[in-house]
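What follows is a pair of complexes built around subunit A, which joins subunit B in one and subunit C in the other.
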Partner chain A sequence: MNKKPQTAAHDRVRDSGGAAKNRIALVLVLSVALLGVCAVLAIGIGSVYIPPGKVVEALFSPAAAGSTEQIIITNMRLTRVIASIFGGGALALSGLLLQILFQNPIADPYVLGISSGARLFVGLVMLGGLTLGFHTSSPWFLFLGALAGALTVMGIVLLFALRMKSVVTLLIVGTMLGYLCTALVNLLVAFSDDHAIADFTRWGMGSFGLMTWAQIQVLVLVCSVIFLLSFLLTKSLNSLMLGEAYAKTMGVNTRQLRMVMILFSGVLTGVVTAFAGPVAFIGMSVPHICRLLLKTEDNRFLLPAVILVGGVFGLVCDLIARTVASPGELSVGTITSFVGVPIVLFLLVKKNKVSL
Partner chain B sequence: MSQVVFRNLAVGYGGHPVLEDVNLELMQGRFTCILGPNGSGKTTLLKTLAHLLPALGGVVEIGGRELSGFKPLELAREMSVVLTDRVQLESATCFEVAAMGRSPHTGFFGVLTQGDRDFVMDCLEKCSAGYLADKPFQQTSEGEKQKVLIARGLAQNPNVFILDEPTSHLDIKYKLEVLSTLKKLCAGEGKTVVCTLHEPELAVKCSDYLVLVRDGEIPQWGPTRQMVESGTLSSLYGLGPHQLDMLVGTAEFQGPDQKDFFLIGSDAGSVPLLRSLVSAGKGIGAGVLHENDFCCRLARSMKGQVVSAPPYTPIGPEKQQEAFDLAMGYSHILLAQFPDCDITRGNRELVRRLQEAGREILPAQSFSLSEIL
Partner chain C sequence: MKQNKGLRLALVLALCASMVLSMAGCSGGGNSSSGAPSGQGSSSQTNPAPQDGDGWQELPDPNAQGTAGELQAIYTPKYAKGFTVEYYYGGAKVIATDIKATSNTEAFAQRVLLLPEGAVEPANITYDHKIEGELERVITFASSHAGFFSMLEATDRIKGTSIKEASCFIPALKTALQEGSAQYVGSGKNADKELMASLQPQLVTIGGMASDTEVAAKLEESGIFCLYFGDFAEDNYLGRAEWISLVGALCGKEQEAQDIMKDNELAAQNVIERAAKVEEKPTVLWFVHSSQAPHWNVRTTYDYVNSMVSDLGGKMLFPEGITSNSVKLSNEDFLPLMLEADKIVFGISLNSYAEAKDITFFNKEGQIDFSQAKAFQNDDCYVVGYDWAQDTADVRSIMESLAIALYPDEFSDLENSGKIMKFKVQ
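Then we have the complex of A and B:
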């Protein structure tokens, strides 16, 4: 390479690169800190208030074992906090992958009907299980059912996406598939026994508060594996931001990458939906919030940020859902919709201004 | 040396060939333009070369190796592509977009070294886009976006650089800027550049080789100079035989077949005069004009009948007679203001004979179309 004197422009780029890096580091560190603080607060807040000091003590000091606080925490609050952190992170990452996959800013497991597909298949397992002769409450079985549902709907959406490029068309296709799945679920409900329906309905509202420890284990295990594996995709994902053709000419095996992205987002959506029910809009809102915070499209930084901010988002929305109408409880989807719907509308208006 | 070779290539979509039996050689360090009307298959040909579409038959060789034998990453280091696809990135800067071109050269996580950063910056500057580095890509104009995307292609440091219609939707300033950047890449760095262009009038001015595509075949290809002299470009686009004047590089509007105005000689005002007559829907003719006179070519591309004499030679009696016969058929005769000298004397004689025949001669300089009508 020719060694010519560095121009002012070269220096400027190096400087601005440094400033951008600092910003990204700051946001990542802050979101880790925020996640910790929110987790402690969320464990403390509830019908019995436990001050943060006691929460930390109950979690980390063996001396607290057996105390009332410790029992409340491990039996009730902790599952919920872990579920909402991993659930939020998983849905957010799933949304990020879908947005890149579909080249569409409003892609999200809920908007595209993928959650509804998972719900339908979970319905088949929960409601139809008895009739069809397989009764099992294994969390893995629920997860596989949800995964099958998620991948089925995603396959259908992809077929449509191949034919139509418009952002709005895809939104309509997803919504329609969502309605179809709901209709099928209603049909299923009509033929099921009352006991199962009660369970299914409660689950179908969407909540991070229903999980058993066995389910939490599956959720944490599956999510952690996918979180780690997804970091291996970041370079290819960056190339894909320019579109599939450009990615190919930069040496990316796009067919393989697409398959992996579909599988990952399907697994993430499936595992969350299996245990928490369909939760709206986290997958769509969080990547956009992160893009605004980080001011970058670089997936090497966006990806960890999306997981962390998704965790915080899930945690806070769940906290609001269970405290605002206390002692009653709202579904977490109610809260996420309040955040998510304005973002969708904003993005649609913005998109329409440019071109559709 | 030929860098890219097409042998009996057939290209198309879904098994239906658009273009068959393509045999071409693209020279190293040369700028090749593929020209052809819309839908002729030039983009399909380019996409097959870029390995974005499978060849339906035949082979493409790059540097003596078959295209299908390259691993994806190897190919990305050998060749880069600029497409017409819209690129939408909400918050990336132009530098970040251009830096994506380094990805075939960076490690597993795509971390840029200082060397990579400098290289990207150099590429931006070669495309006169250095000033855009810190700007958000989404906020730049179409022309600026194109410059950044070309810099991205360059950042791949390819031997073969492929561009699909790099000048469409750009202002004339950017068109010229983009094409001169590409020319410099060929001449200065020995890159082999291939692009499709929508503007034949620009292609003849910047390319070393032209490839013509029409009706599912390549009727002609070769060095631009030969192609221009052969004069086949106008018919490629289904235009009149002289409408697209490739020597000058201009396309003109054509007048009707009727004989309205005949211009004798030419002067500095003749070009706008002829254009205003044609745009008013009048048929034109001219004579006797020397063949190296721009007005001679202009009048022909406007479908006017022109009596012409060889460059810098006196107008002989036969030409004069020919022009006299032609001019008599026109409703109005205009006279340009040209100096008297040996080679224009014939036109003075022509004016005298027309006046003797009772024709009114109007001075072209003070002529106003509205007064006549």
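Then we have the complex of A and C:
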């Protein structure tokens, strides 16, 4: 007799005994170690050579305050290290939540139209002159625009989520909203002059390199709170993965859970896009990488792994983006795709090599 | 249920309202699809044409006697509207900028206190930043800014620039980039902030685009002062050029800057007077090609280039009803303008168009064939020079070059500096 699909799913979620647990522990420990090593490298490496002793001094010695080395290390490298770790982790977690919500492996913040909403509202500010009397090009104004865009689209999706039970329909709604936002942006572009378009295009080249300490404080605070709250959801998420009916029998308020997932995903994407611009692929690829590495879909392990690996991924991609074309800089979104696609393909091929 | 419907309706209405508001604010303005090339540049913009050599404010005497720290004089530029310089007895100066907002940029206002060696700091004045001693380490983050320093023979103060060596047309700066005494720091949002910090600039000169302000916010967080230049916001070529006087004040070369401006004014007057005697005035289509559809971005009388064209008697061609400085046109709307124009000027240097040999490079979709244009057939197609953006203070060269383009026979005695040249690359 064939195994029932729900039982197979149950195995995927709950198959965490013995060797599997060792593997999970190893991956998590290695992720933490890798994050630490990459962070040290990212602080030490840059377009300006600073001897290791000076790096340590700049970080820990009050005597170095105000020196050029200290400015570079603390205000330029450390900020982007923190930004890329939290940004990468946030986008990865956002992608994981959406993939669970839609039970669709290609779901990510772009699919729900959240990123497109952020882009539209920034477009309204930069191309449309929707300034409301404020300084248009202030980084904070752009942040508010992007956040408002992400939250607006998320709000609309939430409204639909209240009425619709089918996640597939919700996925279609998100996709449609994404298309609508893109169309509206194109409309704005058609009526804007070249300078404004150039500026908008530059904003679209995501970068973790321009965040100020004030912005990082917001990013870290928002992400930390949602990371912690997400851990409280892991059991409910596992139940949801076994089916809505199963989750209900386990006492999960599925409608409420779906709302929380959309809310968390929207806020995480919004806050990262607002400060760093759109950064593609992390949301989709990192959950895959983690599933393939952990060989489990148990969210008790997957969720922290996704945050950690997302951080490593963001950090490494940012390091590459700022060093390979120095003194210029590449868009971090370009690197996330260049680095992420081969990794995901390699892991997929390795997993399915027999059938290939 | 009714509440849900109401909420949804409110959201949809809010989105629609946002779109309408934003479209109204679009800098390109809605293109009236009149198609008729009827908008021959009416002088809808007030242009302070070059005046007789008078009207120049005398520069304060640095040796004048007065109470140290007391205000001696406020220097107001003759053409530029975006800054003044306050001079104090005892040698201190304050550069005060007040840059108006444009369709793409916000307004900026800053006060920089300059305290050369031995100068007395005035009491009871406000400022955003203080520069003590000589200004010796500058990063220029816009092409035109480097040109100002170059004209004042102060290029050695530039330690970093957003101009790549390959596309640098300022000889002293190019040499400095080759020798390493100045460094390319990247440009726009992707500039290398680390490298900029390592150059320990006393000042970074910066434009007003959103990406510039993002970079400035990051640099200022690190204690690196960024001074916004508003030459881009001036609506007149002499006003743009006169930002050299701000650089003059920064470098202690006020007299040299004023002399350059006086020469600029004189040169402009000369060509304007000669052009006024020419009976037949040309129509001018000044455009750039955009990779985004619609492809044609045409300058109007609200753009600063009109101040040059109209001073020389030319009339800008663009559709009626446009009140922005440029308008994007479809092929259909661009075609009649292209056919009618006496002179066609492509407004971006060919630095980015290495393959372009003449204006037919921009033939589009089989509908726009520049070889059909009167201007092409009369060999009257032009392109701005390679150093166009890097040499905005050299009004003499610019105006003489434009006069040669508009009236080749009447100005055949002048040598073309290449600021505006025939679009016919050999």
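By definition in this document, the second predicted complex is superposed on the first by the 228 of 356 C-alpha atoms of A that agree within 3 Å, B and C clash if a C-alpha of one lies under 4 Å from a C-alpha of the other, contacts with A are read in each partner's own complex, and residues count from 1 in each chain.
Note that in this section a contact is a pair of C-beta atoms (placed from the backbone, for glycine too) under 8 Å apart; a residue touches a chain by one contact, two chains touch by 3 or more.
All values reported here derive from a predicted model rather than from experimental measurement.
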item	value
First, second, both or neither for A:L26, with subunit B first and subunit C second	neither
Subunit B versus subunit C as contact partner of A:A190, first or second or both or neither	second
Touched partner set for A:L162, first subunit B, second subunit C, both or neither	second
Touching partner for A:M205 - first (subunit B), second (subunit C), both, neither	second
Contact breadth on subunit A, by residue count: subunit C or subunit B	C
Subunit B versus subunit C as contact partner of A:E297, first or second or both or neither	first
Intersection of subunit A interface sets (partners subunit B, subunit C)	none
Residues of subunit B defined as touching subunit A within the complex	50-52, 72-77, 79-81, 83, 85-93, 95-97, 100-101, 103-104, 106, 108-110, 114-115, 117-119, 121, 124-125, 130-131, 133-134, 152, 156
In the complex with subunit A, residue positions of subunit C that touch it	4, 7-8, 11, 15, 18-19, 21-23, 25-31, 103-107, 183-195, 197-198, 200, 208-211, 213-215, 217-218, 221-224, 288, 290, 292-294, 297, 324-326, 328
Parts of subunit A lying in touch with subunit C, wherever the complex brings them together	46-48, 66, 68, 71-72, 75-77, 124, 126-131, 135-139, 142, 152, 155-156, 159, 162-163, 184, 187-199, 202-203, 205, 207, 209-213, 322, 326-331
Parts of subunit A lying in touch with subunit B, wherever the complex brings them together	1, 6-7, 9-10, 12-14, 16-17, 103, 105, 234-235, 238-239, 241-243, 245-246, 248-253, 291-292, 295-298, 300
